[in-house]
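Chain IDs A, B and C follow the sequence of writing; residue 1 opens each chain.
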Amino acid sequence: MEKLTPAKDRLLKSKNNWMDGELRGKVLVLLCAVIMISATISITIFLGTKGLQSFIKNGVSLLEFLTSTHWNPTNQAKPEYGALPFIFGSFAVTFLAALIAAPLGIGGAIFMTEIAPSWGRKILQPIIELLVGIPSVVYGFIGLTVLVPFIREHVGGLGFSLLSGMIVLSIMILPTIATIATDAISSLPNSLREGSYALGATRWQTIRKVLIPAALPSLLTAIVLGMARAFGEALAVQMVIGNVRNLPSSILDASATLTTIITLNMGHTTYGSVENNTLWSMGLILLVMSFAFILLIRYLSSRRKM
Amino acid sequence: MKSKTADRLATGVFIAIAIIIISILVGLFSYILVNGLKHISWEFLTTPSSNIRAGGGIRDQLFNSFYILLITMIIAVPLGIGGGIYMAEYAKPGKVTDIIRSCIEVLASLPSIVIGMFGLLMFVNITGWGYTILGGALALTVFNLPVIVRVSEDSIRSVPRDLKEASLALGITHWHTIKTVLLPSAFPSILTGIILAAGRVFGEAAALLFTAGLSTPRLDYGNWNPFSAQSPLNIFRPAETLAVHIWSVNTQGLIPDVEEVSNGSAAVLVISVLLFNLLARWIGRLIHKKITATK
Amino acid sequence: MVSALMDKQTGKQAGESESKRNKESILEVNNLEIFYGEKRAVNGISMDIGKNSITALIGPSGCGKSTFLRSINRMNDLIPGARAEGEIIYEDLNILSEQINVVALRKEIGMVFQKPNPFPKSIYENITHALKFAGMKKKSKLDEIVEESLKKAALWEEVKDRLHKSALSLSGGQQQRLCIARTIAMKPTVMLLDEPSSALDPISNAKVEELIIDLKKDYSIIIVTHNMQQASRISDKTAFFLSGDLIEYEATEKIFTNPSVKKTEEYISGRFG
């Protein structure tokens, strides 16, 4: 603007006029990014060291922890730290929930994209968004007051069971699966559909032979994300699963998962005691599993790009 | 002929699935609202809860829920938007950016109970604060941050490049361009995302069990001094939120009217989350209208 | 962005160059090469741009006109992988040097884009946005500049009653004139116009052309255009580009009546491109 000063002074970078606010802004946002990295790293390190203490400091056998079915930490004479029932419970309830939620979620997605793309989507989309919005304690509470008595009276057992846990979880992960599956199927190129219809295939044949195979990696990603959510869910499951320390022998048996045992006992045990430390070890398993789910999702998405 | 039948059958199955999903939602909502609304009264919302007697309300829990949400957002929104700006405007493709992206992904996929445990370790034990609102808010920040970073990054990236170039070509610095051109344009979608995230935070309980605790001290709503132990504004006091309250009365409560209290609380919780959703939608639509009308 | 040439000039502050500066020219381009990654988009061009004159850049699509234009105010810095070698001398400084404060440079070398890109703010704020950033806070002074630059951009009469309405409510042609007004308000030395009237109807186009001719008094203008009549109507000199090479650079009259290169003639007469 002012051309009175020589070009050198106007146009060359100088220490004080160059980017006064500029540098500050950059440092500010960089700081935010650094905070995120340090949060992630410190979570990993703190939970990692804390979770290993029961094995390193308290001498609990890792093998026993992972493979024994006897959980009896309060036995003074001979405490036992077998977490297998809970590990099993976590995996069982996760897979069972996925078993229900995957067909429903993907079916819903196909309904929205292929069967009734116009009005179906308009109705189902907001419904799915609303399902996401219901807090997990509310799912747990309804499970406790409606589902558990229903199962007790009409199916059998106590009602507090793997079955209740799996039903509650499947409803909770349904929206995750449905949303991602919908995106995946609707982003398939239309030429796929047209090609198939042109060959005289019916809608079902097109869905089964063309669309589902084409979208398969994304659909698997959807299911894995749903399972990750189920694996980590705590309160809703804890309220309906019964929380016993035995390995269940049928889906009508009460059971427990890693998250439910942590939820239940973290407050009751003394910080630093062996029993408390084993809860942190269970937390570490959750952390490791969530890394495993990320790796699995990465693997699936690398397949999708090919 | 056979494939025709199969096709009809399949269509029927898909319609059945859609009906199942719709009925799950309708069932859940009508259960929550029908059972809950009859317990919601002005009195229920404004009396303190009781540990043993029937007839307790949810005054403190309701206040705590909103207050923790507020504190969480005060911490998480600037951090999240800052992170989003960094990712959208400064991060160069490469190793460092990949690492940050992985960190966001890890944070986003951590189970909330694990975040609660981290909060217990960091903000309760190591700092020696005990159960506090601040500890709860920090745990919720961890839980919430990746969402806000993502919406901010996406919203900033979707601002037309033209606008950024226009500003830079006028001799405005990058940072000032971000502040005065990119952020205002991205603001509506960031806001929508933040409100949706707020709904999630509002209903979260697992991350708060071990950080903000299961109890609330006797509060004096006339006391506005944030450093006083009785003040509702004190961020170094334990605070049971509404979501945590539902869990605790059901799993370890002694009150005889567990169902009534939980039904009422669940309805309040769900209605609040619903309002957050509607607000976000409404803002989204308003903005959309504004943008398309002036085209 | 430090040029290879620069490094040879030892013992002198980088960014400075001791060329025998032609007093008539405002920019002196020496051996300019521009790359996008490995791909070369401009192949070592040299030309002098006249002061207070209009220089038109013509050539088929993709020949590097915008690339060249955007390197003059360093807008290419925004494109990852873009890189320039050679020199563009402005006021004895090499614009491409790393020592250049691009923010200050862009205040003096303004740019108007092909597609109108007003800020989603009011008409008034579109003009004051950059002025305020440059430190001008006084309302009366701002009002004055807004009026002056809108008048220069031949937009004042049309918008003077709705200065505080959204700029997005203007027509495309009006928006483009607003973008020109906003650049004028910064009182640059050089104005770079990248097909400023390609999105406009004939009437708006005529207005913009008038405006550009009028602006010549105060500014040095470089304009990219695909419209041969426009180039011949308004420019003093014309440069013809073809696949990154500067084929011919002459007085406009000469180029359009008697080009010395066959390719130029073919292009102008519409036989290719």
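To be clear about the criterion, a residue touches a chain if its C-beta (ideal position, glycine included) is under 8 Å from a C-beta of that chain, and two chains touch if they have at least 3 such contacts.
As the structure is a prediction and not an experimental result, all values here were calculated from the model.
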Can you tell me, using the touch rule above, whether these chains form a line, ring, star, complete graph or other shape? complete
Leading the contact tally is the pair A-B
Using only Cα atoms to place each chain's centre, name the chain farthest from subunit C. A
What chain sits nearest the middle when you go by CA atom centres? B
Cα centroid separation, subunit B vs subunit C, in Å, comes to 48
Per the centroid of Cα atoms for each chain, what is the distance between subunit A and subunit B, given in Å? 17
Give, as an integer number of Å, the spacing between the C-alpha centres of subunit C and subunit A. 53
Mark out which residues of subunit A touch at least two other chains, giving numbers and ranges. 19
Two or more partner chains touched - positions in subunit C: 103-105, 107-108, 134, 186
Shared interface positions of subunit B, touching two or more other chains: 173, 176
Of all residues in subunit A, those that touch subunit B in their complex: 19, 21-22, 24-26, 28-33, 35-37, 39-44, 46-47, 50, 103-104, 107-108, 110-112, 114-116, 120, 123-124, 127-131, 133-138, 140-142, 144-146, 171, 174, 178, 202-205, 207-208, 228, 231-235, 238-239, 259, 262-264, 266-267, 271, 280, 283, 286-287, 290-291, 293-294
In the complex of these two chains, what residues of subunit A are touching subunit C? 1, 3, 7-8, 10-14, 17-19
Can you tell me which positions in subunit C touch subunit B when the two form their complex? 73, 75, 78, 80, 103-108, 110-111, 113, 115, 117-120, 129-130, 133-134, 166, 168-169, 179, 182-183, 186
Show which residues of subunit B lie in contact with subunit A when the two form their complex. 3-4, 6-7, 9-11, 13-15, 17-18, 20-22, 24-25, 28-29, 31-32, 78-83, 85-87, 89-91, 99-100, 102-107, 109-115, 117-118, 120-122, 125, 142, 145-146, 149, 173-176, 178-179, 199-200, 202-206, 209-210, 214, 243-244, 246-247, 250-251, 259, 262, 266, 269-270, 273-274, 276-277
In the complex, subunit C touches subunit A at residues 13, 15-16, 90-93, 99-101, 103-105, 107-108, 134, 186-187, 189
